[in-house]
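Some structures are shown below for you to check.
Each of the two complexes below includes chain A, the first together with chain B, the second together with chain C.
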Partner chain A sequence: MASLRTLLARPWIWSFFGALLVWLATIAFTGGYGGGGMITAALSLAVFTVIVGVGQMFVITLGPGNVDLSLPANIGLASAVAMKVMDGNDAMIAVGLLAALACGMAIGAVNYLLIWALRIPPIIATLSASFVIQSVDISYGRGLQIKPPPGFADFTNWQVFGIPVLAILTVLFTIGAGIVLQRMIYGRSVLAIGQNIRAAWLAGVNVGRTRFLTYTLSGALGGLDGALLAGYFRGANVDIGNEYLLASIAVVVIGGTSVAGGKANVPGVWGAALFLVLLLTMLNTFGVSVGVRLVLTGLIIVGVITAAGGQKALR
Partner chain B sequence: MLRSLLPALSLALVLIAIAWLNPRAISYFGFSLMLNLAIPIALATIAQMFVIAGNELDLSIGTFVGFVGCVTATWLKDAPLLGVVILLGSIGVYALLGALIHLRNLPSIVVTLGMSFVWQGMAILILPKPGGKAPDWLLALMAFKPPFIPFPIVAALLIAAVVHFGLMRTSYGVILRGSGGNSAALKRAGWSLLRTKIALFALTGLFGVLSGMALIGITTSADANIGNGYTLLSIAGVILGGGEFVGGRVSPIGAVIGALTLALAASPLLTFMHIPPDWQVAANGAILIIVLAARVLISRRER
Partner chain C sequence: MPEANADIIMPDGAEKLFGAVSLDIIRLDGAEKHFGAVKALAGVDFSVRAGECVGLVGHNGAGKSTLMHMVAGTLAPDTGQIAVRGGVEASYSVPRAQQLGIRCVFQELSLCPNLSVAENTRINHASLNGFGWRRKAADLIAAKLDEIFPGHSISASDIVGDLSITSRQMVEVARAFTVTQEPLELVILDEPTSSLDAHTAGQLLAFVRRFVAAGKSCILISHVLGEVLGNADRIVVMRDGKVVAAGQADQFDRDRLVTAMGGAAAREKAAAEIASGKPEPGPLRVRARPARQQDGNELVARAGEIIGLAGLAGHGQTDLLLAIFAAASRARTGIEVTAPVALVAGDRQSDGIFPQWSIAENIGIRSLARLRNGLLISPQREAELAELWQRKIGIRTPDMNNNIFSLSGGNQQKALFARALGSDAKIVLMDDPMRGVDIGTKLEVYDLVREEARHGRTFLWYTTETEELDNCDHIYVFKNGRIVANLRRDELTEEKIIQSSFGEAA
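This part shows the complex of A and B:
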């Protein structure tokens, strides 16, 4: 009983609870049909949101005003880079993934360079950067119709007993991210900066380096996500990352991470990502029109945020 | 001193570039054409400026402008009374959002991102396919041709003057900006922060409605996605105009100038420079970065 109470006190449990509720509602509608397949599909789609969500979580944890708006453009460009480097050749998969990662890291580094050199809010810096990246992508990826190598496409769609392998790997990755956040100097520095940047600086935290690493990490995860998305959807696309602007921020906040910074929640990102994907599946199953689906998605996001409540800033 | 002149300076720079590339563009007719879309952009920028004055951000203004556009091109023409009620109701929704954000201490970025879906969905429900038609009085208003000075410039001056007076010269304007500058002090002085937040969001809704109506008066018909680009344009316009994200430091005149700069830099300048369409978005980003870099250099010297 006591363990149940501590479990309920954890903010991330609610996002899983919401996901479960949406799943049950859908199954009730279909009469139990397709429940398992729905979880498989939700897991494979949630993976992409979780990967960028974790990057966004680290950035948001840095404190008020920190957010990476360049992720959609980053994902789009990285998907094109990965497909061009792999060029449909199985032998080039690793090289293509590395190229996408490098592309993302470069974007993250440029983001921080703008923030640091121009002393502008991260929102404007990442926004301006995303304009430029978008153009590079449009020009670079024009008419790009390279299919992913068969081995890579199979890998991103690979399932074992109905569980996508990519989802298992992503769970391991998120556990790693949790350890980095809570147990390593870098993660503790991110949390300290988010709680009070001046106090962190006085305590000897290397603020500049930590912020640089965080934006680069977010960029790298965006790049990786772009490559994986191109594999999963069998091709790169300028618009492939568009939905991840809202999704990456929403999963972080719904998952219980504080927007005021200094308080991150890794498991919540998974719960919130599953919740959002299942929600979309549910609305599709109910057969509502695009307009109604958008309105309901928006209202539910606002509703969840309102129910979860904002936290008071820590100072 | 130089810092407050920067928005005007960047506008002058863009104008000089245009005059140099294509002298014929600097005429009554040229400005009417080039600044065609400046009025809705300026209104959307002012809308964004109000929430920024309260340290918030509205990521839904673009789809809201699109929603208003769809209402304007359908109900406002066919059933004016219903149309007016819907538009007033949507301003009410904005006011409620302000109250919600304040009472529950919610992040405005997430709430407005969620709302951007709601507005877009409703726009699609109203107008599934591009179409509709602007009311005749609106068409006549937007096609107005005053003597000597092109209408967009007259309208921009008018918008800047009215908002400048309201926000910078009246005592409640000071309170509104103060809610972003030092909310704790304002609260101790006995002002209701809930009320200032509601007022700022309602003003954003009001100017969002004006922006959507002006846009449809120019384009004559609507499309659910017509305003999507305005979210980023409006934020960029406020920042170009010397506004800051925190501290209630905004400037209505600067915001209008920022919007004009963006409207000119967005396509006329780039077309004259023969920049291919692929790179026009990048050019916008680059202009933004250059202006912000100039601002850093200037404020460093002034220190």
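This part shows the complex of A and C:
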């Protein structure tokens, strides 16, 4: 009983609970048919939200006003860069991945440069950067869908006993992110800055470097996500990252990370990503039209944030 | 505690015969309050009459704030009753207290930093509405500021967040005394002078005397015992949630108050210790010239020295400390720093505390690099550091993993000291860190500071309390962002500081 209570006290448990509920509702509707396949599909898709969600989580944890709105454009450009560099050739997969990472990191670094040098609020800086990135992407990719090498496409769709390998790797990655957050100087610095940037500076935290690293990290994860998405969906295109603007922020907030900064939650990102993907699957299964689906998704996100993500005031 | 009981001087019974009840603005009988297992108040009788200033003293955690929250209506007693002007209040609350003219200025500054001074004033006065409310509020607060702090430089259109902490406290106090529709009978001043310098504090206390002379009442809580002795008509001493002594102010002196509070009178010891043979000063640690300094005056600090920064509040002392702090990580002209620096913030909430974190995490943040085991921060080493300093500086908590806000204000400040002293810093900057801290905590920290200085640490100590300068080897007096006087400890007197602070040339 006591252990149950401590479990319930963890904010991330609710996102998993919500995911479970949605899944049960769906298989109840289908009469138990396709439950396993639904989980496999949900894991495969959730991976992409989790990767950018973790990057966004670090950024949002930096405190009020910090958010990376350039992720969709970043994902689009990086997917094109990765596919062009790989050029359908299995031997170039690693190089292509590195190119996508570098592209994302460069975007993140430029974002912070705008924020720091021009003192633009992060929302404006990342949003305006994303217009530039998108233009670059359009002229670079010429709007064509570029195919991934067969080896890379297979890798991103590879499953072991119905579990996507990419999901397993991503779980390991999120465990690493959790350790970075709680047990490394960088993570502690992010949390300190999010709670009180001035106090953090006065406590000897290197504020500038930490913020720079955080935006660069978010950019890098966006780049990686772009490459993986292009592999999974067998082709890069400009719009491939569009849905990850809302999704990356939603999973952070639903997952129990404080929008006010200074408090992050890694497991919650997984729960929330699964919840969102399963929610979409459920609405599809129910045969709801696209318009209604979007409205419902929006309402549910708002509802969950109000119910579970609402932070209790200290003191 | 038989001894403590022997100390009690109860307000003479004769007055009750003369119907003192009707004169009581507010009266609490047998008030008790528990917070979980902690007994914050253990049956307290307390009253305030019209036209009297009651001084309330006691260590942090003695129950003063809890008692005042009851008077203000923000907390209800578990048992006991509250009577206002003789009538028992069944459901006493904040709106009721306001209706009755009872107001308070709490220790935590309560102004909204994003609003202007006038807008903050409007918050308390619902009747200032319609067109031109902003101007009406501005006139109201400006008039009160002029009345209490003549010669102040605050404009009603200033945004509170841009004001210094001293100005903010002045606004906070002045706002409590503004009147529109609701009456004003009793004002609770909880540490009203903690962020004020000697000059403005004097202005405020003089105003309080005028206010009381006009038949109104005041409760004055202060850790500066001289203020209480000099301005209160009656003094109530609290310890461990009980009233341990009460009586007319002239029945008390400093020693008697300290004894009743249960603190050690270690001040003489401090002075003696400093006087007794100071070792030769060590190598240069800091050499700094304030940005606005035009003559050749500069601040010089060597290893093992405690350097005081004095003068009126907000005259460039904090700016210089921050410049020195910044110079430690990035070179600046005019400032030379030769060792790692740590800072103890005075404005805890905005410059020091990480509200989401435990006490241990709040202490460890300055020393993360040393707490690592390989790449990762070792929770064990973090706990060891916290426990070491819990013992050394006496942080009163059952568990250092509790949230930092589970501590009283004085203990939060101790945690900030532990953060700085537990670090590798050879230079410790102190930005008036003792505001609102009780005398027991202060004496403990003074001892620790002197001990650390003997081991070679350098302290730069900005303080608004002249008494604290007794701990320093050398004192720089600031005025308008410049160093105007440079005093050795044996040359130090309060007059000299005030003279330098106000004089044209020192």
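Just so it is clear, the second predicted complex is superposed on the first by the 308 of 315 C-alpha atoms of A that agree within 3 Å, B and C clash if a C-alpha of one lies under 4 Å from a C-alpha of the other, contacts with A are read in each partner's own complex, and residues count from 1 in each chain.
Definition applied: a residue touches a chain if its C-beta (ideal position, glycine included) is under 8 Å from a C-beta of that chain, and two chains touch if they have at least 3 such contacts.
Quick caveat: nothing in here was measured; it's all calculated off a predicted structure.
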Partner chain in contact with A:179 - chain B first, chain C second, else both or neither: second
First (chain B), second (chain C), both or neither touched by A:120: first
Contacts of A:246 with chain B and chain C, given as first, second, both or neither: first
More chain A residues in contact - chain B or chain C: B
Which superposed partner A:51 touches (first chain B, second chain C, both, neither): neither
Partner chain B, residues of chain A touching it in the complex: 65, 67, 114, 117-121, 123-124, 127-132, 134-136, 138-139, 142, 245-246, 249-250, 253, 259, 289-302, 305-306, 309-312
Chain A - residues contacting chain C, complex: 179, 183-185, 188, 191-192, 195-196, 198-200, 202-206, 258, 262-263, 314-315
Chain B residues touching chain A - in the complex, by the definition given at the top: 57, 100, 104-107, 109-111, 113-125, 128, 232, 235-236, 239, 245-246, 276, 278-286, 288-289, 292-293, 295-296
Interface residues, chain C side, partner chain A - complex: 325, 329, 342-343, 345, 350-357, 361, 365-366, 368-369, 372, 375-377, 379, 403, 405, 419, 423
